[in-house]
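Below is one structure. I have some questions about it.
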Amino acid sequence: MHSTEWSDEAFCRIIQEFPVLNREVNGKRLVYLDNAASTLKSRTVISKMTDFYLNHYSNIHRAVHTLASEATTEYETAREKVARFINAQSEEVVFTSGTTMGINALVNSLVRSGMLREGDTVLISQVEHHANLVPWIRLSRFFGFKVEYIEADNTGTITTDSILTAKSRVNNPKVVSITGQSNVTGQVMPIEFIRETFKDAILIIDGAQLIPHKKIDVKALNSDFLVFSGHKMIAPTGIGALYGKRALLERLEPFLYGGEMIDKVTFEDVTFNVLPYKFEAGTQDIGGAVALGYTIDYLESLGFENIQRCIEELSKYLLEELSKLDFVEIYGPRDETHQSLVSFNLDGVHPHDVSQVLDEDFGIATRSGHHCAQPLMSVLAKGSRIDFPNSTVRASVYFYNTKEDIDILIEGLKYVKRWFG
Amino acid sequence: MHSTEWSDEAFCRIIQEFPVLNREVNGKRLVYLDNAASTLKSRTVISKMTDFYLNHYSNIHRAVHTLASEATTEYETAREKVARFINAQSEEVVFTSGTTMGINALVNSLVRSGMLREGDTVLISQVEHHANLVPWIRLSRFFGFKVEYIEADNTGTITTDSILTAKSRVNNPKVVSITGQSNVTGQVMPIEFIRETFKDAILIIDGAQLIPHKKIDVKALNSDFLVFSGHKMIAPTGIGALYGKRALLERLEPFLYGGEMIDKVTFEDVTFNVLPYKFEAGTQDIGGAVALGYTIDYLESLGFENIQRCIEELSKYLLEELSKLDFVEIYGPRDETHQSLVSFNLDGVHPHDVSQVLDEDFGIATRSGHHCAQPLMSVLAKGSRIDFPNSTVRASVYFYNTKEDIDILIEGLKYVKRWFG
Amino acid sequence: MIYSEFIMDYSKLKKFHGKIENAHRIEEGKNLSCGDEVTLYFLFDGDKISDVKFEGHGCAISQASTNAMIEQLIGKTKEEAFEILKNVENMMFGRDFDDQLLGPVTNFYDVKNYPMRVKCFLLPWKTLELALNGEGKKPLKE
Amino acid sequence: MIYSEFIMDYSKLKKFHGKIENAHRIEEGKNLSCGDEVTLYFLFDGDKISDVKFEGHGCAISQASTNAMIEQLIGKTKEEAFEILKNVENMMFGRDFDDQLLGPVTNFYDVKNYPMRVKCFLLPWKTLELALNGEGKKPLKE
């Protein structure tokens, strides 16, 4: 019972793309519901990357031989695909090793460029992943800016009220850095409202969870920066991208220094290359970038709008079915802003035990823990009606999942509850 | 005519590993002599990485399901292989995206930890790659330390004399950061002598060029840090490693902040995870790290000492044959410290034109330009007897090259000289 | 199957739960990767461990492990406790160990096949190690 | 084959080499990726480009391109120079262009098939663009 977005035939092709889905885990067909941590990898993307590495690879730019020329063309084509995917210009797209790297780069570069100074305020939310939290709070020590929070209610939800409260409390934040979607509560954030509310702030969107299943148009959102990772949208690990408005990138000091990003270097000083090369120091992850390009090709070949609707349908079903279990406590909003993943707890059973039994007895992969959002756990604890274990179980879907997968999860949870009784 | 280190049969297997070697470029068999920029990729390593991605991949650590457990084991096994390869402990090995990243991390982290302060001196050499030059000179602006140089003679060579001169001129450098081998002059640096001369300094070795063909034992060298990239030793792009002595890593503030590298996070502060996780923020390049592990397996299956001797033999031949051409000016030392690559110029022909004709008419891939070492070009210009074009041609070998490749290069250079006469 | 009857039973034991008000030593441990926490309270009688109790929360493995550990510790000398600890680690890392010394703790033998759960099992033991090594200090719970 | 007879010949031309002492405009260009540099000296007669010379060094493509460009520029108005420039760029990026306007510069047509060399070819043209746009400034060589 796959999503209605796919014909049987289309879905059959999808399944063939992800060989691990045909694998057995502990004697059961694998039910992979850990997509929010990282998605499976596709045959098409990986085999195109293999072909690139084995038949066309060399280092890029700055060389006139044939292989270098082929590799450079592939690399720059991948950049164009990413740019088109988010409606940006090629020069505005910098390849990074992922979301975490992108945010760390921005914090340091904003400071080095004087765009974020001692005494300035950075506003983030209480639901941020550590990637968009720890760099800010730790570097605030060294650089003297302040970090303030948009507060979540005790279901872990960010409301327009809480955004307005933050606005009235925090005087003109210099930077607002916000996740597009929470990896714990599944909430898709009201980015448009945040943009409107903080017109003068530099807006950074952490797109890690959102971009795999929802079209992000940086121009329409009027976002200043966007960062994301490829591995959550079937690309390999180690590759991601940072988008920045051209005018801001021009002013921004680089984060990493080295080869390729320079214009002229003497023993005393250095001037930088043009955009986007200025931000790509050293040998790039050429194979990774090329693979991210192929990934976009693949997702677009399925129809990205179909992926989006498939996730909406599965998310709704997941939330509905989980809600029917009276021993399950669910976190996050209870409407259609809750997408692609659900965090929950079984009253009286530790999340680790839940995940372990689901894996052992049902072949279901879920994640349990604090999901790199420790401070949010203390918020959820306040709203919890059970003995909150400081962590949750999380089930997350992608386009190769089915309603049947969710049915198996539900069955599994009933069994766990009986077992630990 | 391959190196005597390989039997015909062994070499035949090596050639099969690198399919691109069987490719034609401009109607000629490819002669790949651009290894110092990046090496070719092997079927074994890439196909093992493919298998990992398609059949065992998931995000690692912090999850109890079967795939996560398999992926974590693969990842940590790769770390052990790297550690063994350089004679370090596993906790002393941090995966990075490459050499450039490693050095940038060290500069920032040393400053943040107070191990490098305003007024302190960092000593590097005049032959450094931009990766070990630009981060120091640019960040010295923001953090107030000083950068001094060990000078090269006008062949671009670092001598023990120049090291002693630097010692007498520079008062107790806090950090000495030096390349293991120059990517322009091919010189293998007298690291032992540098270590002895600057006993109290924090010693950083840029291993990018050296590690692909020469065993590096961090304990024997008593090196404090070592950084290198996988892509110059047949691993994929986007992965590398940083070694640090445990005691130093313990004191060192992280460079990147995010998930996985933390212990406890609140809305106000953070404490860090144990080594080496403290330095691996966010989702690691899991596939890349695993592939780097397979790469080490492959290199060791050939016998790393055989690779080393093969490169020595090819380097000697390359240097000898080039020396016979009276229209060629060679840079770097003229003894056995000159390894794996040679930079040179043809009197009166621009390096770009040399590389272009070699590619078009002979299928030879060489690199021409400043090789990310612009300041060194001005040093070489001083010693040059020709109208120095501010750049050089560079030919570099790896274990799949043959003496025949070098013969074809020599033939090609004679043709280029006649053509541009 | 990691959840043996023994582990299920021991995970639910209540008798070692609680605080010892006049404890000679209090030690906290936590598991980074899952947020599990345990606080151990020790009473010594000369060199003997005369009583141990614990507070905290965690998964079935860590709860069962804590209960089994305490049961095994009470009445032993510190030196014996060290020996037990060493053998527990040997068991987890696939090395030889003395099953006489470990008694019912050998019921956790299979946990070593679940790398992600080894940490859960070891949480109370690592905390014990801190307690035994840090003798003299008496940190308070924050 | 990128090195046509035309390119080889033009790369060796000497007649446009040198400085113009009383130049109305001096403009420098450099190619980041290979260190090639060119300095153009312009003399204007009203709106007409009456003389151009250059100093610098570079590969055969950039040298030939500079010589061919100068030959084509001398005697043209600034407006005509802009038109030529536009058509040169069109030629390099595979768009339609007016080969009448370009004359012998069309001999570089094949360079567009060598992405790494397009920059070499464009070096003098990009420098010309700076010169035409920056009218009035007269930077000195450092």
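Some observations on this one:
Labels for the chains are A, B, C and D, by order of writing; each one numbers its residues from 1.
Going forward, contacts are C-beta pairs under 8 Å (C-beta built on N, C-alpha and C of every residue); 3 or more make two chains touch, one makes a residue touch a chain.
Predicted, not measured: the structure shown is a model, and the values here were computed from it.
A centroid comparison over C-alpha atoms places C as the chain most distant from chain B. Each chain gets a centre from the mean of its Cα atoms; for chain A and chain C, those two points are 38 Å apart.
Note: centroid distance chain B to chain C, computed from Cα atoms, is 47 Å.
If you average the Cα atoms of chain C and of chain D, the two centres end up 79 Å apart. Contact of a single residue of chain B with at least two other chains is seen at positions 62-64, 68, 262, 264, 352, 356, 368-369, 374. In chain D, the positions touching at least two other chains are 33-34, 114, 117. Here the chains touching each other pair up as A-B, A-C, A-D, B-C, B-D. On the side of chain C, the complex with chain B involves touching residues 30, 32-34, 114-117.
Those residues of chain B whose C-beta lies close enough to touch chain D in the complex are 350-353, 356-357, 360, 368-370, 374, 377, 387, 389-391, 419-420. The touching residues of chain A, counted against chain D in their complex, run 61-64, 68-69, 72-73, 263-264, 273-274.
Every residue of chain B that touches chain A in the complex is listed here, in rising order: 18-20, 23, 25-26, 30, 32, 34, 37-38, 40-41, 43, 46-47, 50, 53-59, 62-68, 97-101, 103-104, 108, 112, 126, 129-131, 133-135, 137-139, 142, 149, 229, 231, 236-239, 254-262, 264-270, 281-288, 352, 355-356, 358-359, 363-369, 372, 374-375, 378. Interface residues of chain C facing chain A in the complex, by the touch rule stated above, are 1-3, 8, 33-36, 57-61, 114, 117, 120.
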